[in-house]
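Shared between the two complexes below is subunit A, which has subunit B as its partner in the first and subunit C in the second.
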Partner chain A sequence: MSDAINVKNISKIYPGFTLKDITFDLPKGYIMGFIGPNGAGKTTTIKLILNMIQRDGGTVEVFGLENIAHDAEIKEQTGVVFDNHYFVDEWTLNDINRVMALFFSNWQSSIYQKKLEQYQLNPVKKVKELSKGMRLKLMLAVAFSHDAKLLILDEPTSGLDPVARDELLDTLAEFIQDGEHSVLFSTHITSDLEKVADYITFINDGRLIYTGIKDEFIDSFRLVKGGKEDLTPDVKAHLIGYREYGSGFEGIMYTEYANYFPNLLSEKSSIDNIIVFTYKGTNGL
Partner chain B sequence: MKITLSNLSGIPIYEQIKDQIKSQILSGELKEGDKLPSLRELARDLRISVLTTTRVYTELEKEGFITNIQGRGCYVLGEGSELLKEHMLREMERNLSDALKAAKIAGLDISEVHQALDLMNEEKQNE
Partner chain C sequence: MKDILNALRFNFILVKPYLRYYLLGFVVVFFFKIMGSEIDAVSFMLFMLLSTHLYPFQLEEKNDLYRLYGIAPIKRSVLIFGRYLFIVVISLIDWLLAMMMEYAFSKSTIIISDYLISSLFIFSIFLILTAFEIPGLYKLGVIKGRWIVYVPLVLMFIIVFLADAFQILESAMHWITANFWLVPTVTIIVLSLSISLSVRIFNQKEF
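Right, the complex of A and B next:
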């Protein structure tokens, strides 16, 4: 199985923040959710993959190609959707058609026009007149019009209403149908990923916590709950992170440990809870 | 093929799908030679991971319910399949053992169990 992305031990040092030794692989034909709290380093990692900033260590390959040496080749085949769009506000959607044809050798105007129609975007409108959801659709239309094999989305769903988010998930599921297209999708709205993602990469405070199959990720944690008296030092030592309240506590534990404590209520955790309690745990909250 | 998933049941998604396909094969709703949707179609339709549908089909294949023909897709195996027969045999043994346990609790001896079974069989054949 060939991979769309191979990231190996990459690091980036900023004053006050270090992204350290991030390693993961995205196999071709699958969707990977890239999760972690704000400030964990998700956008930094994505920028390193796209060669938008210089890395301080490690290697990145996209479609098996070293990402700096093959920058142009990779960009031809990669569609990018950022929280902030990268178009000029004054451009109309027709202008974008002309400009993108200069950027991408494989640009197809006819597909772009078809996509605008499908997404109900008026080609004479200016970028600044579009709503957030419409801008997202515009970026997707651009990605599809240069036949991107890889979509990288950075927080695409923040600020979108549930209907628009739902449509996006449909679009992504459709995109990977042929097994040749792949998606890396960073988000903190994890309910979007709970179902549709195949793989999960979870980072916290610049470090990799987990990368692998989503179902295994969810299965490897349990949400445990108990009364105040159940929170013994032994239980505490095995909790990754927890929250105490008047009548008891709840927290996250590795599934293998949760089985040692049959007196605790143990249930399947949401991705949200895994992130929240891991954050609390590593930050000593 | 009909699949309805519950997010609240606590049963893993792959297990829900597997059970539903199995029972449709056993009830005859899905017949020998019927083509199942592709892994990616099913994942898209149910809005779940391709890896989940892969696991379902792999396990169904191992248990002898379906066969994967390279490049053509997954097909339902008929009741004639050896693996399926074996599976049904185990299923029957499990049910009979439950029946024996119940009979023991009720204080019935084995001849009464035999009688009940014969009676049931007659009724089934008259149906």
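Right, the complex of A and C next:
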């Protein structure tokens, strides 16, 4: 099984924030959820993969090619969807067709027109006249029109209604069906990932917390609950993060440790809870 | 070369929203000419020329087009070449239109060859001065670096003013006319240095 993306120990140092030693592999034909709270370093990592910013350490390979040396070759085959569009507001959708044909050697106008029709986007409309959901569809149409093998999405679903989000998830599931296409999907709406992701990479405060198969990720954590008297120093020491309330507490613990405390109520955790409690634990909240 | 021409075409698509202001500008210049207000026509023409250079930078910054450049399979240096070529082409269009207008409205007989040489000289000087502004725009961006655009104009006026004040303007013009080959040579050298500096700045830019 070859990989679409190999990221090894990449680092980027900003004043006040450091992304350090991020490592993960996205196998071809799969969807990877890239998660973490705001400011964790997700966009920085994506920009490093796309060679939009200069890295301070590590290596990135896309389709087995080093990302700086083979920048153009990689981008010909990579579609990117940001949280907001990257076009001139005054451009019409027909202008975008002309612009993309200048940039991408494998641009196919006929596919672009078909995608616009499929997504019910009027080609004579201006970008500024489109809703958030329509702009997302426009970026997808662009990605599909140069036959992208890899789709990188950076927070595309924030601000979308549930119907539009569901449509996107269907599109992604269809995209990877042939086993040759892959998706790196950064989001903090983790319910989306529970539906479609095969792999998860979780970063927090610039550090890698987990990378691997989604189900193993979810299974490796347990949501534990107990009364006030159950929150002993030993339990606290094993909790990744927790929240106290009037009658007791709830928190996240590695599954292997949860078995040590049979008096605590233990249940399967959502990805959301894992992120929230890890964030609390890391930041001493 | 194909990529550079594509980058040039991209700049023309980029400034499309400003096309109506650009055409309107020519109507204003035409109007000044009809009214016989020569100084207003020349000043407005210069102002237009300088503003046109700003359009792609303005649109780039306003719409955060660096993200588009970040995902497009195109070298950053090609984008820079495309931008310089755009500025040269648009200046050439303005220059040709200005010449045609001047010729049409001229009340005295114009010797075409003299007229071509003098306007080509002004055009070259203008390109040299422009070459100083572009790296500044890439470095500072159009919001912080807007003032840079007007530096060439101010410099041009200062040079002419000083030359006139020290009574060397006429002799300088004679010397330049006698060594006219120097003008395109210097223009090419200065533009090449400017391009290389802009490429360096743009390559270091983080999108």
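One rule holds for everything that comes next: the second predicted complex is superposed on the first by the 285 of 285 C-alpha atoms of A that agree within 3 Å, B and C clash if a C-alpha of one lies under 4 Å from a C-alpha of the other, contacts with A are read in each partner's own complex, and residues count from 1 in each chain.
Just so it is clear, a contact is a pair of C-beta atoms (placed from the backbone, for glycine too) under 8 Å apart; a residue touches a chain by one contact, two chains touch by 3 or more.
Just so it is clear, the model here is predicted, and its values are computed rather than measured.
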item: Side-by-side fit of subunit B and subunit C on subunit A, or clash; value: fit
item: If touched residues of subunit A are counted for subunit B and for subunit C, the larger one; value: C
item: First, second, both or neither for A:Asp83, with subunit B first and subunit C second; value: neither
item: Contacts of A:Asp71 with subunit B and subunit C, given as first, second, both or neither; value: second
item: First, second, both or neither for A:Asp147, with subunit B first and subunit C second; value: neither
item: Partner chain(s) touched by A:Tyr30 [first = subunit B, second = subunit C, both, neither]; value: first
item: Superposed model, angle subtended at subunit A by subunit C and subunit B (C-alpha, nearest 10 degrees); value: 150
item: Partner chain(s) touched by A:Asp95 [first = subunit B, second = subunit C, both, neither]; value: second
item: Closest approach of subunit C to subunit B (Cα atoms, Å); value: 28
item: Subunit A positions touched by subunit B in one structure and by subunit C in the second; value: none
item: Subunit A to subunit B touching residues, read off their complex; value: 29-31, 169, 173-174, 176-179, 195-199, 213-215, 267-268
item: Residues of subunit C that touch subunit A when the two form their complex; value: 6-7, 9-10, 13-14, 16-17, 59, 63-68, 70-75, 204, 206-207
item: Of all residues in subunit B, those that touch subunit A in their complex; value: 10, 12, 14, 40-41, 43-44, 47-52, 55
item: Of subunit A, residues touching subunit C in the complex; value: 47, 50-54, 71-76, 78, 80, 82, 84, 86-91, 95, 98-99, 102-105
